[in-house]
Amino acid sequence: MATEQESGDTVRERTRTGPYISFIRWMESLTETQFAYFLLTPALLLLLVIAVYPLIQTFGYSLYADQLTGTARLGQFVGIENYVALFSGARDFALPSAFLPGLSSSFPFVTGIYSSALMVTLVFTAFSVLFETIIGFAQALILDQDFRGRRWVRVAIIIPWAVPIVIQGMIWFLMFQPNIGFLIGTQENPAILNTLGLSFTPLRNTSDSLFLIIVADVWKTTAFMALLILAGLQSIDRSLYDVARVAGASKWQQFKMITFPLILPTVLVAMLFRTIAAMRVYGIIETMAGCTTVPSLSCLVVTTFNNSMYGTSATVAFVTAGLIGIVVSVYIVKFADAEGGF
Amino acid sequence: ISGTGGDQTETEAGGSQTPINTEAPSEDVTVQWAADTRVNNNREAIFQSLREAGLPDNITVEVIAGSQVTNNRQNQYQQWLSSGREQPTLLMMDSGWTIPFIARNQLQNLSQTLPDSMTSRVEENYFEASVGTAKGANGDLYGIPLFPDFPTMQYRKDLLRNAGYGDSDFETWATESMSWVEFSKITKEAMNANPDTQYGYTFQASVYEGLSCCDFNEFMTSYGGAFFGNPAENLFGPVGDRPVTVDEQPVLDSIKMVRTLINGEDDEHALDGITGNIAPEAVLQWTEEPSRKPFTGGDAIMHRNWPYSININGAEDVFGEDLGVMPIPYGVTAEEAQYPMTGGPVAALGGWHVTLNPNASQLQKRAALQVMKAMMTEQFKLDIFEIIGWIPPEPDLLDSDRAAEVPVIGRYLSQLKVAGENAIPRPVTVVWPQQSSKIATEVNAAYAREKSPEQAMSDLKNTLEQIEQSA
Amino acid sequence: MATQDQGGVFEEGGDAEIRKGPLERWVSTVIKNPKRAYRAMFYVATLFFLVTTLFPFYWLLVLALTPNRLIRDMGLLPKGFNPEVFITMFERVPFHLFMFNSFVLGIATTVIVLLLASLAGYVFGRLRFPGRTALMLGILAISYFPPAAFFLPLFELFTGGTDIVLGPITVSSPDLFNTPAPMVFPFSALFMPLSIFILTTFYGQIPDGLEDAARVEGTTRLGALFRVIIPLSAPGVATAGVLTFISVYNEFFFSFLMNNGEASSWAPIVAGILKYQGQFDTPYNLMAAASIVGVLPVAILVIIAQERIVSGLTAGALKE
Amino acid sequence: MGEVTLEDVTKRYEDVTAVDNMNLEINDGEFVCLVGPSGCGKSTTMEMIAGLTMPTEGEVFIGGREVTNLPPKDRGVAMVFQNIALFPHMDVYDNISFGLRLRKYDKEEIDRRVERASDIVQLEGMLDRMPDEMSGGQRQRVAIARAIVRNPDVFLMDEPLANLDAKLRVHMRTELQRLHKELDTTIIYVTHDQAEAMTMSDRIAVIDSGQLQQIDPPLTCYNEPANLFVAGFIGSPAMNFADGKLTEMGFVGDRIEVDFDPETISASVGDDVTLGIRPEDVYTLDDASSLANPTKQVEVITDVLEPMGDEIFVYLLLSEDATVSLDEEARGAMSDQLLMSVDPDSDIAEDKEVSVVLDRTKVHLFDTETGEALLHGLTATAAASTDSSTPAESDD
Amino acid sequence: MGEVTLEDVTKRYEDVTAVDNMNLEINDGEFVCLVGPSGCGKSTTMEMIAGLTMPTEGEVFIGGREVTNLPPKDRGVAMVFQNIALFPHMDVYDNISFGLRLRKYDKEEIDRRVERASDIVQLEGMLDRMPDEMSGGQRQRVAIARAIVRNPDVFLMDEPLANLDAKLRVHMRTELQRLHKELDTTIIYVTHDQAEAMTMSDRIAVIDSGQLQQIDPPLTCYNEPANLFVAGFIGSPAMNFADGKLTEMGFVGDRIEVDFDPETISASVGDDVTLGIRPEDVYTLDDASSLANPTKQVEVITDVLEPMGDEIFVYLLLSEDATVSLDEEARGAMSDQLLMSVDPDSDIAEDKEVSVVLDRTKVHLFDTETGEALLHGLTATAAASTDSSTPAESDD
């Protein structure tokens, strides 16, 4: 080929010089480990300055007492006292709600399930992630099909994700606002949901609000799941389905044995991040029912932060992160193989 | 990289003690004023008014249209002031949270840096309750009230006429408030007389700041109760060194009263004498707007709300002259009440102040002082009453002819004056935000029959005491 | 091969047949041919999802078209018809400026995130090196923290309150308040872990053979990333991009506190929407209109990202 | 059970007709090889039989049932894919047992079968490898094993041995043949290994540009190709062709003449005809002694010698001026050149003038225009043989 | 420029040693075929030369430079991958021109080269197809074109013709050879097509289990295999082997005896030795007339006949009780069976007792234990030939 061209590739390659070329050459000469760290540098630098540095600072705050008067942001150094106070319940009075559920001697042995931030957060996380995953999966499967108008269905399904939380809150708040929304009735004239047990003032009531907030969150964030899972579906080699079909796999079996395992890593990433985000839920609560009615962990962080209780706020933030870490490690341990990433 | 930060403002705050030169600066200065969108939307008229009120031409004002959502503004200010930013120079602050900023030395002490002539005018002429929320523990003034806000009871004259009441009654009620007993009875009568009207009385009892600061505060105070004992002494502190009195009988009575209004007289914690079933259960989830809608829509007879809603409901295409306004009813009279400032037709106090950023440059402060001066003129106060509907912060101005000519609200100035004179501020201190959410939760739970009034208030007392001790 | 038959439920026949036949005929064919039943189920499911996701938007439209003072006791239809609201909303607040800001912030963040996360995703997805697991867990851990945990130090850093020691000289950090920087950088850092994980999964699944082929053809490892791996992971990259962009669009913590809320100070759309709100009164109709207008560009973005980018870059399914 | 019939099947892609009006009848238990140039439509045909691709027109029958619209899983076929397509997330065991697990065979049965299949493809001990840890040939063997563990009516194998070395290939061939015998399944097999097609199949189907050219037993295809295409395609190295005219005397070409009675074939004197002769049917005069029916001598010049170990290919130039030998399309297909295969011991040298003769009984004649075969093999006399039985057979 | 040298190169995966202490020297401009059983390490070797896999031990040199740690792009190699590895998101044109575009050749030059390359691989008119719209063979041709548009010092081709039909294969072979001549590039080529290896390469490198067995010109490998493995691997059908002992008389096996002077080889009397003879060197008595140096007759029974078109394979049973003929591993490799190839005209029939002789000059002897070759070819007399020149060469 190309006999006319006397010089081969390498000659051409070697004759090129300049700082750019020598940089490239230097980069290619790195070992795999060096190269890995080299490529990670920009991301790590950004994270170091914008995330790690503030976290270290904030961790420092958590070791100081709150200071509500005077110009100083923090009070005196108290070591781990904030943490102790938080876990012992001694700080609950300063929070919109208790942090841990109280213990009682009678069945069911825990009180204030709904008024403890931890339980509210866990309940919210478990249900919202569960439903978002299931529904998102179903939506992704639909979007993966080829049909007329698919583009529009796709937009329709994804668009709730783009709705600002303020608006999301407004939409649902109004739907369940007595005298405004039609999903809520009055004693004389109950709506369907009321007959199913929803109270007439659901947004002042922790359990009803929690339920509605989960619904609102599922409405909005399912799109996140659907989008990610869809991307996973689109990346599967279609010829594998040919093989499976000839081997006699039914639609369900194709799903179970090919689709599912192949997108499992994607689903796990999606679930992982949804879990993390759900455990930090705040905005939708604030806009729909308020942090006092439905106290989540992040509610505690933000409320104390807004009340200038920076020590407590930092403490709750770190404890929240720790709790998320515990939940996440369940994923990691459980799915280490499937993920292949850890 | 610096340490935990936050302490660098200490020294600068010290600098804020230097008196400000009252001479107007000669160079061109632009003063940034953190206000809200309504100011911004009317800024041409407002600037005009400031000029006419004597603001020199070389000083211009730039409005930052902050959010109307008061919490958001509070958070923003907190970050700006605690990080020592020089801008904005003037800040519009909710009377509900000015005091914590004062407690943190984050505002310019006006008593020390402004000429006495200015501060004493404020102390002497302005609504006393308003001024109280702009003062520090040392008694110094840190903000100048821009406008106060007092809720009133609005009602439908046309519907009450159907129940046999007439103009003479309305006239009496305008300045002489009625008791809750009377109020509930009249409302019930009106409901019976107007069977198509869905609700009797709508107010706000959602779990939010508005319940603790205002609705509940009014109910409680009107029965002679108080959060922390004698309001005249303990309202703004000393934190940790004052009694918590939310479990006292007047407070419990007020709760029972509300429970009766909502659930009827057969509620197990009903208050004797009160006619029940005049308020919908929905109030437990209502804030201002949702509670106003039914009233504006003609579905309610009585409605408690802020003056903004008088402008809406009194508009010609809504009720016009059929809108009646009266002070909030009372549980016990002021004389019967245990504490000063309680009993009688109390109105929770809202409203906004203008404060000065202590970190601003001297030049900025000088210019800002000129702006504040202009804002304190009668002319400006009345202009802005016309422009935005901000109620003049001086009781005397409510009697002025110009004020009376302001459409709609001009008709109800005497009621507002009564409300203003009986205004009860929320007990703002640095721990108030914490206390407020606890109060709202417990009170709402008690209203909703989830807890007995006694239980709720003793729980609340415990928590409030803990918070008091923590500070 | 045979990809055109992967239509799943549309395996055979066109849907033209359905429309022309009367219901009974269809029912009988369904009994004979269960695939039609699948297809019916498919339509039902699609319809269900469409209704559930779109209904709140319809509700939003109902709210927007109803004059604010009539918003009470709402039913399923707007009370009154007030399309002027879409003009009023711009008169009241320069909403387009806020949208523009959001777009700039979103695009800047997305570009930074995709770029850095692509490099990181490549590293984590395709290279084996010591420290990999620890680093991944560390990056993941950043996303455990509520935004408030980062705020104070960052606020000081970006408002000139932090002293940076560079050897002998100490300078204070530049005051970037009211510029895009104090939003773009935190957004980038906080949204990056998600993108890193997404891209790690996608890049890790590209067959080695293709990267090998590219390298033998003369690309560097990075060249192979940009020319082969990223295009082949287009669905994943586009998704990471869309998710990041929308996250910025949705963010309200830093968006709110890192500027003074003015359009001229790069405040994003959230600030714009909140500007409609009064202290007590809320013009629901304006806010509804504003959110409809605010969401439209994202819809367009989604269409572009999903159809153009994805189909443009990966013409076929992956094959080695 | 396993008859496969294609009736007027056509498959068109946007701009290509991959399969063009194909009619094919494959009997139950038959082993048929599909051969043809790259891109002629073999894989497409297989896919249509498997149900992976829907024919644009026509119908497909398996075991007498119309299956045109049936999904693959209901057709009772197993397939080895040309692109191998192993499941990347399953190890070898799981890949092989995939079809069995789908059918919920019990564990032991699966183990037994997987073991047997992996034995056949010589992958014992690799059952827990992942596909990306295997060599190309190993992967292909997994693909074969995945198909043969099952018990379908029809096996479809698309170049299943392409990546295997000669020895393994021979082994696999034997195994597949044994399997075929044991199970009595229909096997449709794509290959471009001539030896494979010749030795394994009951019939060979030759396809060109989506059209079926001939379907006949291997030797029939070899000895009696239906047309020029088949003649040129089957056999490696390919048949030599020489253009010429049909005269009263028989075939007259540039250098080659073969005399026979033109009356005996269905072409008229004066028509353009092409003569075909396979390399092994060209003899040097030395070797011609053993030949019962040689043609006239042809004078040629030896060009390149290509020793293959067990034989030597000799390129012969028919005209002195034809000097380019290894040119494009050179071997066998051009009329000024002739390929001859000789014994490795022959003392033939390059660039010598030699005389060669052709084996009359192995001469083929084709209509140049239509490409159709006119005759296969001449008898000793100039009179053309009228029966079409192959000379090879008549030699028996 | 294009010398490739591997020095003590080893590649270990977790549990497999894919390449084991390989030493290989390939000269500039040489065409070397790597052959060996599936999984023996051919592709791994290629990948290490290309720089895609790092050797666990050892060093790689290209053009005299040590390149062990150099990235692929700086090694001046082009490669055709066994798994083809087309970029699925690029059309044919973009796939082929990928390397050129990277090097910023100008548009016209790229067009020119792509056109030429697609011409060579006969893909004209398909330049705007996407890979998934092509047949297996077409894809493979794109892969070849992608490699040959460039001007590298070394071409690495891993079974580049596996998916092509015989004819195209022959065409591609010619093209590659021409390319090799024109460019004078080093080509390293993996194939399991014996014909390909024999005709194209200057030398063949035979690999087994990651170890280099022999690297020699094709005919040397064929005629003088270095050991049993090479002897069995090269040639298709494979060489026949017969186990026996070295005696004073020469080789003595079960049925076969070949007399020669045991002194002439490096093994002692009494050692186990294996005799090897290729199928084409076994003659029936009829054909033996042409044989100068036949061995003693061996009495056998004809078993299966396998007509291949141009020759017939005859399976011969050495012992009467050996009845299974088409059994596993049957052909050629077992000592109680012998494969013979005869002319298609031979009148040989199944299940007959016949006598065959071997060509003494083509007999091979191996040490059974070490597998090493002891001698290749005996002269007419019982005295063993001591020179190692191949009989084929000496026949010239």
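All chains are identified by letter, namely A, B, C, D and E, in their written order; residue positions are counted from 1 within each chain.
Going forward, a residue touches a chain if its C-beta (ideal position, glycine included) is under 8 Å from a C-beta of that chain, and two chains touch if they have at least 3 such contacts.
Values in this document were obtained by computation on a predicted structure and should not be read as measured data.
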Shortest contact path, chain A to chain C, counted in steps: 1
Neighbouring chains shared between chain A and chain B, ordered by label: C
Reference chain E; chain at largest CA-centroid distance: B
Core chain by centroid distance, with centroids computed from Cα atoms only: C
A-D or C-E - the one linked by more C-beta pairs in contact: C-E
Between chain B and chain E, centroid-to-centroid distance (C-alpha), Å: 96
Distance from chain E to chain A - Cα centre to Cα centre, in angstrom: 59
Averaged-CA centre spacing for the pair chain D and chain C, given as whole angstrom: 56
Centre-of-Cα separation between chain C and chain B, whole angstrom: 41
Chain E: positions in contact with at least two other chains: 71, 73, 78, 83, 99, 103, 150
Residues of chain B engaged with two or more neighbouring chains: 1, 5-6, 75, 293-294, 299
Overlap residues in chain A, where contacts from two or more other chains coincide: 9, 13, 28, 53, 57, 61, 73, 179-180, 237, 239, 242
Residues on chain A engaged by chain B in the complex (per definition of touch): 53, 57, 60-61, 64, 66, 68-74, 93-94, 96-97, 177-180, 186-187, 200-205, 290-293, 303, 306-309
Touch list for chain C against partner chain A, complex: 1-3, 6-10, 15, 38, 42, 45-46, 49-50, 52-54, 56-57, 59-60, 63, 71-76, 112, 115-117, 119-120, 122-125, 127-133, 135-137, 139-146, 148-154, 157, 185-186, 188-190, 192-194, 196-198, 200-202, 204-205, 218, 220-222, 232-233, 235-236, 238-239, 242-243, 246, 249-250, 252, 269-270, 273-274, 284, 287-288, 291, 294-295, 298-299, 302-303, 306-307, 310, 314, 317-320
Chain D - residues contacting chain A, complex: 47, 50-52, 71-73, 77-79, 81, 83, 85, 87-90, 98-99, 101-103, 146, 150, 156
Chain E contact footprint on chain A (complex, rising order): 1-3, 5, 7-10, 12-13, 25, 28-29
Residue ranges of chain A touching chain D (in the complex, touch as defined): 237, 239-240, 242-250, 253, 257-258, 261-262
